Amino acid sequence: MSRLLDLMRGDPVADRVVPPSTRSSALTLIISAIMAFLAVFALALSLATLRLADRWSSALGESATIRLTAPEESEEARLSRILAILSETPGIASFRALTVEEEKSLLTPWLGEAVPLETLPIPRLVELLPADQDYDAEGLRLRLEAEVPGAALDDHAAWRRPLVRSAHRLTVLGFGALGLILVAMAAMVTLASTASLAVNRPALRVLRLVGARDAFIARAFVRRFTLRALTGAALGTLIGLAAIWALPDMEAAGGFLTGLGFGGLSWLSALLIPLIAAIVAFWATRAAAFRALKEIP
Amino acid sequence: MSRLLDLMRGDPVADRVVPPSTRSSALTLIISAIMAFLAVFALALSLATLRLADRWSSALGESATIRLTAPEESEEARLSRILAILSETPGIASFRALTVEEEKSLLTPWLGEAVPLETLPIPRLVELLPADQDYDAEGLRLRLEAEVPGAALDDHAAWRRPLVRSAHRLTVLGFGALGLILVAMAAMVTLASTASLAVNRPALRVLRLVGARDAFIARAFVRRFTLRALTGAALGTLIGLAAIWALPDMEAAGGFLTGLGFGGLSWLSALLIPLIAAIVAFWATRAAAFRALKEIP
Amino acid sequence: MIALEDVSYGFDGRLLFEGIGMTLAPGSFHFLTGASGAGKTTLLRLCYLDLLPQRGTITAFSKPAARLGRDGIAQLRRRVGVVHQDCAFLDHLSVRDNIALPLIAASVPPEQHGAAIDDLLHWVGLTERAAARPPELSGGEKQRAALARALILSPDVILADEPTGNLDWEMSLNILTLLVELNRLGKAVLVATHDLNLIRAAKSQVSARVLRLRQGQLDVAGAGL
Amino acid sequence: MIALEDVSYGFDGRLLFEGIGMTLAPGSFHFLTGASGAGKTTLLRLCYLDLLPQRGTITAFSKPAARLGRDGIAQLRRRVGVVHQDCAFLDHLSVRDNIALPLIAASVPPEQHGAAIDDLLHWVGLTERAAARPPELSGGEKQRAALARALILSPDVILADEPTGNLDWEMSLNILTLLVELNRLGKAVLVATHDLNLIRAAKSQVSARVLRLRQGQLDVAGAGL
């Protein structure tokens, strides 16, 4: 890093020995810009799906219900047995028996207000929330069936869980794409700067012939390319951020799907992109320059 | 296209006048390959979210329910009035009154088998499926309240619709990314071939000096670059397809989220990518070659 | 076959020569002299239409140069063999292929290349170096290869810019003899050189006119040379 | 200051010369002749360590060449001024900056460039063309610019490869006078040339040794020249 900063200061006289902006060094700038632009989008997408997954998992909840029906034994006794079993089951964050009022509000959408629930032999319900680590739903179901007659586990959150898992997987894909884009950027910047060095081989030869040391020549080239990659990537990142900022706000429209925008301060992470580009360009050009120079006596 | 095919045949003698594989023409190959690789992923992602959206919208359905409670008037009369209203409402694909058996199966999860539903004054339910164009749920609700006492619209699919909409929006984003990648590929292939032409300017000059006509020189260069872009993009596409094929099958694991793979014959669409790259390279190099030649007397 | 009439040319507004005339008739032999920077190379470039005159007209093979298109200029260059002062080659091709380049550019089938190239390689003494790449040639070898390339299409006009600058006296005389022989076949020859000895040697073999570029004018150097 | 001992060199297995020796002492003046392709340029490249000998040793300023690293070679080249036969320049810099290139490479502060460059530009007659880019120079102007660049660091050894190949006689004599003057200041000078007239002219000004490369050997040409 300190070497990088040192480089930025530069030496105006030594700099002039590098041919100005050949086509293939302009390529370094353009490639950095385009790839940075794509990287910003991939980053935004990844962060958005990450938030989506969080939101879904909290919004949908993951609760399950245990239903207690058919009064064979005293209801209260069986209820306390269920609660005892639950307290022994690992992976359950909390549980509680619903009150009659709560059950009534749950049923209202189906039955309407008119049905006198109090007079009905409606089953008691116990709601449980699994902890982060899922509990063994199948095991619990079997145990309840065996030990508490009339108790049935209704794992009605089961169908929602894959949804959250899907969102998480989308996030992984998004970050994977981001990684791919950064690797591709590194590869292309390396190639472009190597190509530019190859083009400038005659200039390298002239410099060697007049007694320039390798470090002197390399420094001038490395500086040029690092600056170019940094400028290009910064430009691409800025345009990318601006484009995302200018996108219609999906959050307001969508509700469920979070918008593509960066939440809060997460857009700061996009600033890493030009930095990565500069570091890649620095090392790639340095290695390429010394390699190219070694072939020149 | 015929011109493109003509080009592929080539002229082995004329071809030799183009300097072989300079670094920046190798760049054309690598850029095409990397961008094609990214394009395949973007295409796969877009197709996957498209299928996801389809699956969600069909799996979750979009049905709504109308509940008829409180026997003030004859139930049958009011039911037929509801059906009449529905048949007048635009945007509804189908609707029907549920039978008592169906209602019973809906309530079982809540009440268990033991409750004698036949003896209860449970409300009648009418299920309706909206057409593609959503119906005006709020308007329908108000009309029902006004005209059919005791009827209530329960638009319980409302919370699912944004989910489907989200998937659609993801698809749009995916195709947008694909477009961006293709445009970026075009830009970079153009720049790389222009750069390569600039590098080969001395060779162009020598050819002009010995009496070569512009068309002769351009053909040799265009052929070289078109083949290079085609080869690169084909390589990238193949590697991309192979990588997707090699990904663990998410469909089996995920259930809800469809895998990243191409469904059925849709992978054939990926074959368009090298074709687009070749066409872009052909025109870009042609234009660049004639532009470069115009500067050489 | 190439005629300049009242031609002026200059770079960046600095006029190099003004209102000069010159005719390269079939069978004529000209030397072009002048101090370094006088404009010899520039005059030659005008003759093969690498530059277009800023004033005056150039006629090439009875056609006004201004009316030749880019393809017309390409056609013209196949009838004018030029030895350039800086001998530019395609570095990725062998010396042999570089000499064959005008044939390739004129789409002559490869079967018909053979004999002419071998003869020329022998003439300029490069038979042994035919497989080398141009950057591996010595300065004098490059000049000889450039001469061979200029002659491969047996052009009607031969323009040579310092063709012996890097050659020893013996080799220079060989080249001169070759040029004189071609001139006897009716070709127009123009040699730009600063080597007065070469001009003197030529005078014993052929009736050459010596043109001198001085102060923007083209004079015929007297017998005093 | 540069000494070759029992040196052999050849490209691609074809030996150019075998077991030759040469010493460039301070104040010595050598001419190097030989037919085109004899190996003059190659011998010069060995002297400034652009090539390393396949056999034998080269000593530069009392240090064995084989033990100089890449930076050592760079240092050496600042003390050896070379006029290359092909005059390679940085095409994006002006003639003036190209002549200053050795100063820039040696990290001499720009404030100290001025006077030396102006003097040299005047000496080689390029004051007017100082702002031009190298591709805009005529052949002879390039050679003169290359000479100026070789002399800018006032080197101890001057190696010139055909420095007058594209120059007229008058200009050639000017250059020769400049080289003789530098030689009188104690610098070692080696000029590769095929121009026997130049060698004859030099003999009247300085006691030069004439070396001739022939059949892989380096002979001292007799007074017969």
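Per-chain residue numbering starts at 1, and chain names A, B, C and D are given in the order in which the chains are listed.
Assume contacts are C-beta pairs under 8 Å (C-beta built on N, C-alpha and C of every residue); 3 or more make two chains touch, one makes a residue touch a chain.
Chain identities (UniProt): A, B = FtsX-like permease family protein; C, D = ATP-binding cassette domain-containing protein.
Because the structure is predicted, anything quoted here is derived from the model rather than measured.
K.L.:
Moving only to chains each one touches, count the minimum steps from chain C until you reach chain D.
P.N.:
1
K.L.:
As a test of understanding: of all chains, whose mean C-alpha position lies farthest from that of chain A?
P.N.:
Result for max centroid distance from chain A is chain C.
K.L.:
With chain centres defined as C-alpha means, what is the inter-centre distance between chain A and chain B in Å?
P.N.:
The mean C-alpha positions of chain A and chain B differ by 21 Å.
K.L.:
I'd like to verify one number: the distance from the centre of chain A to the centre of chain D, where each centre is the average of its C-alpha atoms, in whole angstrom.
P.N.:
Here chain A and chain D have centroids separated by 63 Å.
K.L.:
CA centre of chain B versus CA centre of chain D: separation in Å?
P.N.:
68
K.L.:
Using the touch rule from the top of the page, what residues of chain A touch 2 or more other chains?
P.N.:
Answer for chain A, listing residues that touch two or more other chains: there are none.
K.L.:
Please set out, as single numbers or ranges, the residues of chain D touching at least two other chains.
P.N.:
In chain D, no residue touches at least two other chains, as defined above.
K.L.:
Among line, ring, star, complete and other, which one matches the pattern of chain touches?
P.N.:
ring
K.L.:
Could you list each pair of chains that touch one another?
P.N.:
Contacting pairs: A-B, A-D, B-C, C-D.
K.L.:
Which stretch or stretches of chain A touch chain D in the complex?
P.N.:
13-14, 16-17, 19-20, 202-203, 205-214, 216, 293, 297
K.L.:
Under the stated contact criterion, what part of chain B meets chain A in this complex?
P.N.:
Per the touch definition, chain B meets chain A at residues 22-24, 26-27, 30-31, 34-35, 37-38, 41-42, 45, 52, 67, 69-70, 106-107, 109-115, 120-123, 150, 152, 154, 156, 159, 162-163, 165-166, 169-170, 173, 177, 180-181, 184, 187-188, 191-192, 194-196, 198-199, 250, 254-257, 260.
K.L.:
For chain C, which residues are in contact with chain D within the complex?
P.N.:
11, 33-37, 40-41, 85-86, 129, 136, 138-141, 144, 161-162, 165-171, 194, 196-197
K.L.:
Which chain C residues qualify as touching chain B in the complex?
P.N.:
The contact residues of chain C facing chain B are 48-52, 70-71, 73-78, 82, 84, 88-93, 97, 101-102, 104-107, 110, 149, 153.
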